[in-house]
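Next up, some structures in structure tokens.
Next come two complexes, and both contain chain A; in the first it sits with chain B, in the second with chain C.
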Partner chain A sequence: MTLVGVWIAALLTLAIGSLLWKQNPAFRLAEHILIGFTAGHLVVINYYNVVNTGIKPLLYDGRLLNIVPIIIGALFYMRFSKRFAWLTRIPLSFFFGISGAVGIIGALDASIRQQVAATVLPLVTSYSSPWGSFTFLDVNNAIIIAGTICTLTYFFMTKRHTGIIGGTARVGRYFIMITLGARFGAVVMSRMSLLYERLYFLLHDWLNILK
Partner chain B sequence: MGTRRLIPIIITATIAGIIFVGAFSGFGPLVMFMGVGMKWMVIIGGVAAGLGAVNLTQIHGRDFLRRRKEWWNSLALLVVMFGTIVIGIAFSPTHVIYRWLFDWVFTPLTTTMVSLLAFFIASASFRAFRIRSLEAGVLVGAAFLVILGRSAIGTEIWSGIPVIGAWIMDVPNVGGSRGILLGASLGGIAVFLRVILGIERGHFVG
Partner chain C sequence: MFGSPSLPLFILFLLIVGVYLFYIIRARRGAQFAIRPIAGLSAIDEAIGRATEMGRPVHFTLGMSRFYPDTFAAFAILRYIAEKCAEMGASPIITNSVVTVHLATEEILRNAYSRSIHPDAFREEMVRFIAKDPFPYVAGALETIESERAAANIMVGTFGAATLLLAEGGRMLGPMQIAGTDDLQQLPFYFVCCDYTLIGEEIFGAGAYLSDDPTTRGNLAGQDVMRIILIALILLFTVLGFFGANQLFEWFMR
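Let's look at the complex of A and B:
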């Protein structure tokens, strides 16, 4: 079974990789297989989510209230009826109500409170030695604090970017450029490592050229 | 505004209001409502997930039955999708057959697809990142140093390059990322509030 698996995986890898040459039937077939498996996998995972979270407690623990979300979810299928298509707004409204509120609460804590707390860093560092203690300006911490403030100022749209705000926003733009560049570099390298892994699979597991 | 539009807005605002009051007051029953709401999200989303499969079946079933161009791709998609669903539900996602499909079909397809992005990102950046200004130069310079710092050739050129690459990731990148995250979070909260208060109604169209 493993040998068959290696061959199938190698052929599918080559089919997807052939896109580097140009769009071709092998790539399109592999692409459709990927979409088919992904859709099927999502259905399977969600089936077990609904069964374990909704149906089993309903049938075995008598949690009758669980019928409500199942009915609400089923309303999504009303989109196939022209007359009742508007009913799909009901599950959507539940979705946006819960996810919106939970999203705001999460953002206030994780993305704002914790990020602000993490930016409150000491600007000076003390160093003790046999000759006495010295105090230095912690340049790295100063750069992090300045970067956060300047970048935030760049997104400050309710004031015209002139004077001090303009200068701070201009520095913020450089920090944004460094961040985007660094992120770009990190993404390229992560994709490259995946590519090495695929090449290693082809040359080692499939062709046995690499030992 | 018609009832058909008003009811969903009232539901959204009421549910969000209850969750807000529960989260910020710590009042027991309302906190419990938040927990129940999260479970309901999983169930509602789970039931709705089948909608994607129904849509795909409609589109690709039609393409296959009418023998449209490259209909065999549609057939392959439907066979793989229903095969995965049947195996996953009849056995389980941890069953040996399902795992075999996951390891030898799904993993190579996704990893190759994602790894190809390295080439497309590189070629797109080659066209987009023309150094016409100091800002563009800073972006390209940071990217170049991070890439060199994480590859063997960087160390071969000069042992300090990985140190500089790591410093860019750990210091200026952290400052910039925090600013972007804070800005995006504030923007996201504003959008969520507009949705909850019914000012933004684009998602109810149709």
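Let's look at the complex of A and C:
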């Protein structure tokens, strides 16, 4: 990164960080630069994407099928015409249908079958030692199985959470809360590494305090 | 027959379709399925009512969601919010980061207003495209919440790494916040920053909870039966595994 680049990155980092004090013009400037740059970047990337992967292969390589996505994409622009705005619904329906179908197949395997597979675990575990072989109840696996079943029970929507269902749903809620707490801690730790990276950039690349 | 690699998946698919169809048909024939209270969904009325009283808009976002399952659930919530806002005279503002979803939300809002008693109240500025990438999107969405002085911020969908920024930024700005997602990574942040959180599959119950449509209510009853079937499968495979009979489980995983 050039010296000018380092200075721009450092000042923008400080401007964004200034939100810790309060909303201020420096933060707003950095915020708007980020949004503006992204919008410009999006236009350029999409332009070259359409030209290089859609139009050029159609015109120069004879890939006639490319005409289908080009027409579907072009129909989105019909929303700028009051008379033909209804044509926008055609590509939208296409997206709805395709996404639904693909989503179902993905969910069947990933969300149902693999989830069952990850939960079906051995309840007992064997341990061999010089004094003989021992068999124990695998507490970890038992907790995973019980936790999954109780959590599934929590999500019963058309069954009242009373009696046995109520009890298991309450345990399920505790499992959910413990899981979310653990997740929160893990993500906070990962965010700390991002903070260290920014501090290192400021102290090493910009101020040259750290060697 | 049992050697076919996709057969268990196909049978599972048929089972799901069969269960759902059975309960949808039952619901359409008049069977009633009571839905347990879901605080996050009940709070939507409170949020819109509050926004109406204060004369401020309701901000709604689907975040980075493309056409994922949670996006379809968010559409059901958006439809309800749009109908309520049109009825009560509140102004919804939807910010988007995915072009196709942006167009879909505009259609949903337009349709809801066209069916309401105030069809002329719909304005295209109600639906805004901000940016494609998460961090610029969040910056723009927070700017919108602040400049429009939104009284409520409702977030349903996938926000990825920007979840905490939006939820925490929204909390600092002060609107009532309701959020929901099926993404386990995001949920802890919502619990910390939002007034109400829809946990995981609760968002898929939104369509049935917020409307009297028998199809969606039957669908929800079907989901519950599928959960019972999954619990039964887990218990069955675990017990069979305990006795060393894993053949059925191995076939299921083919």
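As a working rule, the second predicted complex is superposed on the first by the 192 of 211 C-alpha atoms of A that agree within 3 Å, B and C clash if a C-alpha of one lies under 4 Å from a C-alpha of the other, contacts with A are read in each partner's own complex, and residues count from 1 in each chain.
Keep in mind that, in the parts below, a contact is a pair of C-beta atoms (placed from the backbone, for glycine too) under 8 Å apart; a residue touches a chain by one contact, two chains touch by 3 or more.
Small disclaimer: the values here were computed from a predicted structure and weren't measured.
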| item | value |
| --- | --- |
| Partner chain in contact with A:203 - chain B first, chain C second, else both or neither | neither |
| Partner contacting more residues of chain A (chain B vs chain C) | B |
| Partner chain in contact with A:113 - chain B first, chain C second, else both or neither | second |
| First, second, both or neither for A:95, with chain B first and chain C second | both |
| First (chain B), second (chain C), both or neither touched by A:103 | both |
| Partner chain(s) touched by A:123 [first = chain B, second = chain C, both, neither] | second |
| Chain B versus chain C as contact partner of A:59, first or second or both or neither | neither |
| On chain A, the residue positions that both chain B and chain C contact, one per complex | 31, 34-35, 37-39, 42, 76, 79, 88-89, 91-92, 95-96, 98-100, 103-104, 107-108, 112, 115-116, 119, 145, 148-149, 152, 155, 176, 179-181, 183-184, 187, 191 |
| Contact footprint of chain B on chain A as seen in their complex | 1, 4-6, 8-10, 12-13, 16-17, 19-20, 25, 28-50, 53-54, 65-66, 68-70, 72-74, 76-77, 79-80, 85-86, 88-105, 107-108, 111-112, 115-116, 118-119, 140, 143-152, 154-155, 172-189, 191-192, 194-195, 197-198, 201 |
| Residue numbers on chain B that touch chain A, as the complex places them | 4-5, 7-9, 11-17, 19-20, 23, 34, 36-54, 56, 70, 72-74, 76-85, 88-89, 92-93, 98, 100-119, 121-122, 125, 135-136, 138-147, 150-151, 165, 168-189, 192-193, 195-196, 203-204, 206 |
| Residues on chain A engaged by chain C in the complex (per definition of touch) | 23, 31, 34-35, 37-39, 42, 76, 79, 88-89, 91-92, 95-96, 98-100, 103-104, 107-109, 112-113, 115-117, 119-124, 145, 148-149, 152-153, 155-161, 176, 179-181, 183-184, 187, 191 |
| Complex contact set, residues of chain C against chain A | 8-9, 12-13, 16, 33-36, 38, 66-69, 71-72, 99-100, 103-104, 106-107, 130-133, 135-136, 139-140, 143, 146, 164, 184-185, 187-189, 191-192, 199-202, 205, 208-209, 217, 220-221, 223-224, 227, 230-231, 233-235, 237-238, 241-242, 249, 252-253 |
